[in-house]
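Okay, got some structures for you below.
Shared between the two complexes below is chain A, which has chain B as its partner in the first and chain C in the second.
And now, the complex of A and B:
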């Protein structure tokens, strides 16, 4: 028999696909991947430790920078955790509605980026990315209107929202949301039935549901393996129990299923946004008496269905104004565990596709 | 006053008339050849430069952007800026390069790419050399560039470039065969390998109408031959393995770039001649019709690049050997049968036969797609009952 050797190839940390600084050590037998070792930590900024030296309110901007594509969602998860820890009173209705609106807009933003850059990795010369980014720009304009910043809003704070939205926000948001279904239809028409896309994404990166659950994978990746788990239904937070939406699940278990789930979730977000924008009441946007947050000693864990999966904050307080422990359940890192399983046995060209279909943001993996 | 139609014929006669005033006949011939070569080269270089500009503008518009618009009004000077940049850039020769092979590769890439223009007819009297085996000559000569890919991959001294070069060669060789078979179908009907005769045979209807299947196969193969998206694995930042021309900078890279766009123009010209009727067309001068048809195919190539993701290497080879080659063979047989039947109904029999074959092929391919798992039953709490 011929004696063959395996080839070790480094992919990253500088890397054509734009998922941030991430390194994979691939062991190849010819063209097939035999082993994959992920190396991360290139973007570690020590957020969890630094947060212990800051007050709860001062930590809000750190949460923006975790999964920097979805600033608002991270803010929301943290705010819920602090509210649980400190027992901060009933959140005003208007604030709750604004939170849901911002969170769902963030979901659309994230899925635009995910789908766009997945197609970029596949080689579609920038066209789908730019269509998605164009839609994202409309939403980022809304974020800027509300919070003054596009990507790091620090808008949703413990107790409510930082400040009320200007009067032109609701009509502008309604206009953007009205255009969303047409946009998703356009993407659908351009991409879903595309032969080359289907050939590149189907049966690539298969993750059976048992393995997904064993790894603790959450979010679109889990739902694309046929497990219909969505925290907004399983353990509703904020006012999600008032809205009418479907949990998008696909049986395919492959990258194509994840792509379809993200498209479907954009449609469902549009539904929720329509309802929220129609029902939003007037009123204050911050709970009464939220001054210096000094929670009693104790611990709290709050989780949300972030665009990438379950984002949780575990906070331990020792009675001081600073958290004793500020722990982030890093959605992307936990989803990343499944990467090796999904890639082994595939060709080299598929590894990048699978990485893109998991949808990682290194800010969250490394913190 | 010459009419626009035979402008070039008139120019030829006028120039040779002037020259024969003071040159012997062999001198006139030589001078005419030299002038033709210079004109062709100038035309090609300028065309290719502005083809890159057109491509960037078209791709940009497809992607909801503007494209180059800084260099000169509407970005018209962009290709000039690009050429100047490439010429003055430092040529970095890799330490492990095989120097002779490394420097010869761009030459072997560009020179054969220019040769087909000796036989491509731009109009009825506008072909430098009307040889009787032009259809054989053009693919034969452009295949020499395949060797250049291998030379570039090997000469770079970089194992990834070598792998990229090997893949590029495999791709070119695989896609040449269905391409030649579809050209064969056209030659079968015309009974001649001369490009001028083939264009003249399309006086009543272009072969596109009689052999649409052949045209589609030829179009796909042409896109693959020039390494264009969606078959641009050898040259794109192909995820991991670097392309065969990674180690080339400055003029060397410019040569590869030039050769690629010249190749694009060549294959589009071949498609226009063989399937779209070459320079045939009402009202406008023949060379204008030819250019319109070539640019039409080029725009289709830009469109494909701007829309489709890339095909994976194994899928690429599958497509060529398992789909295009059998279809091309069936196409030849069908065309031959239809021709033999001798029904004097113009392009209709061929059209109908091709459509039947395409429908059958589509059905077969669709039935062979891997099955998708069925959707799970919707559980109550997934969907909110109103």
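And now, the complex of A and C:
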């Protein structure tokens, strides 16, 4: 019998598939993964500590920089936590609609990036991702119109939104949203039945539902394991209870199912956006009297269905103008816990695909 | 079944439990003695359906440390139920809940890293965001948040951790 040894190799911290600075120590038996240890923290900026020395409003821009693909969603989760803590409300109707519109546009942006770069990781260099990034730019133009910034909007604030959108925003948004179903259909036609894509994604990174729940995995990864858990349904926040949409699930439990869930969620976001853009009323966009936020002593946890999964903020106030504790429940970090389980037994080349199918942003993992 | 019903069922099922609901909390909150944490957590998972541990974090409360857990149920819907354990800083060790909810693994490591609270029985308790030699635990209130010269930080790193080391 041939004597064999396992081999340890480093993937990262600088590696094109890691979407940021992330290192995996792989133990290999031939080309099979027998163990995987993730190392991170390279992007740790001490946001939680720094936030304790800033006021509640000054902390809004820090939230943009957690998951920097999804600035608007992060703003929303933080705003909900501050509102719960300080008892701010009710939020004006127009602001609630703008929040939902921004959050759903962000979901489309995130899924464009996730699907596009997954294809890049598979070796389909920059053709599929270009279609996706073009669609993303149309939406980032809308964000720029509303907030002045493409990726770090700081637009959704405790009490409402920073300011009303310009009059040309709603027609422009309707135009972008009207084009979304065709864009998703195009991706669907180009990719879903592609033989190479199916061969590389199907039965790769299988995560059974009970394992997914145990690891605390949320978002498209959980729903691709067949669990219909979406916080927009399970615990509706803002005005999500008013819209018609389906919680997209897939029974496949693999990377292919995650890809399909993301396509499906873009279609559902388009449905929500159509309804919200048709119903949005005129009116103020900021609650009365939100000037200096000084919550009473206490604590609050608020969470949303961010594009990657559950994003929560746990804030503690001691009655001063700064939070006593500012905790981010980072979606990406917690979804990463399932990585080892999904990779063991697969080939090295599949690790890249599985990592891409989880969809991480290191800015949120490391904070 | 509300969270408050569950708390009274829990107290009936585990006699001698000194767990106290926290009055006036925004979410139903239960303060549990450190020694009873594993027993309470197992009961909540197996008997009350809390299959999803969402958030684990620590707080520096001055003289005391505190570890906070946010539980939800995916199977039956419901939550949050907040568990809290606390104690003096010289006994800052809490039993690990990784064996009950694997979701606790990275978050307990983070609490250990940033606050210096230890988790007994954790399978791999190492620092997670900072390097092993990092001086202190940044989320402690006594930790001074200041700009540190690079050389001072590099001096705390092991050789293989130093970026751009000249070999």
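The rule is simple: the second predicted complex is superposed on the first by the 366 of 367 C-alpha atoms of A that agree within 3 Å, B and C clash if a C-alpha of one lies under 4 Å from a C-alpha of the other, contacts with A are read in each partner's own complex, and residues count from 1 in each chain.
Methods note: a contact is a pair of C-beta atoms (placed from the backbone, for glycine too) under 8 Å apart; a residue touches a chain by one contact, two chains touch by 3 or more.
It should be emphasised that the depicted structure is a prediction, and the values quoted were computed from it without experimental measurement.
Undergrad: Between chain B (first) and chain C (second), which does A:336 come into contact with in this model arrangement: first, second, both, or neither?
TA: second
Undergrad: Under the stated touch criterion, which partner chain does A:141 make contact with: chain B (first), chain C (second), both, or neither?
TA: A:141 contacts neither chain B nor chain C.
Undergrad: Mind working out whether A:327 is in touch with chain B, chain C, both or neither, as first, second, both or neither?
TA: A:327 sits against chain C, while chain B stays out of touch.
Undergrad: Figure out whether A:366 sits in contact with chain B (first) or chain C (second), or with both, or with neither.
TA: So A:366 only meets chain C here.
Undergrad: In the superposed arrangement, which partner chain does A:186 touch: chain B (first), chain C (second), both, or neither?
TA: Neither partner.
Undergrad: With both complexes superposed on chain A, which partner does A:29 reach: first (chain B), second (chain C), both or neither?
TA: In the superposed model, A:29 contacts neither chain B nor chain C.
Undergrad: Looking at A:247 after the superposition, I want to know if it touches chain B, chain C, both of them or none. Which is it: first, second, both, neither?
TA: first
Undergrad: Provide the residue numbers of chain C that touch chain A in the complex, in ascending order.
TA: 24-27, 51-55, 57, 59-60, 68, 70, 74, 77, 79-80, 82, 101-103, 105-107, 110, 114, 127-131, 138-139, 143, 145
Undergrad: Under the definition above, what is the set of chain A residues touching chain B in their complex?
TA: 9, 11, 16-17, 31, 119, 121-127, 129-131, 134, 190, 194, 196-197, 199-200, 202-203, 226, 228, 233, 244-247, 249-253, 347-352
Undergrad: Any idea which chain A residues touch chain C in the complex?
TA: Per the stated touch rule, the residues are 40-41, 44, 46, 48-50, 53, 84-85, 213-216, 227, 229, 234-235, 298-301, 303, 310, 312, 314, 316, 324-325, 327, 329, 333-334, 336-337, 366-367.
Undergrad: Residue numbers of chain B touching chain A in their complex, please.
TA: Spelled out, the residues of chain B in touch with chain A are 59, 62-65, 229-230, 232, 236-241, 305-315, 370, 372-376, 379, 381-384, 386.
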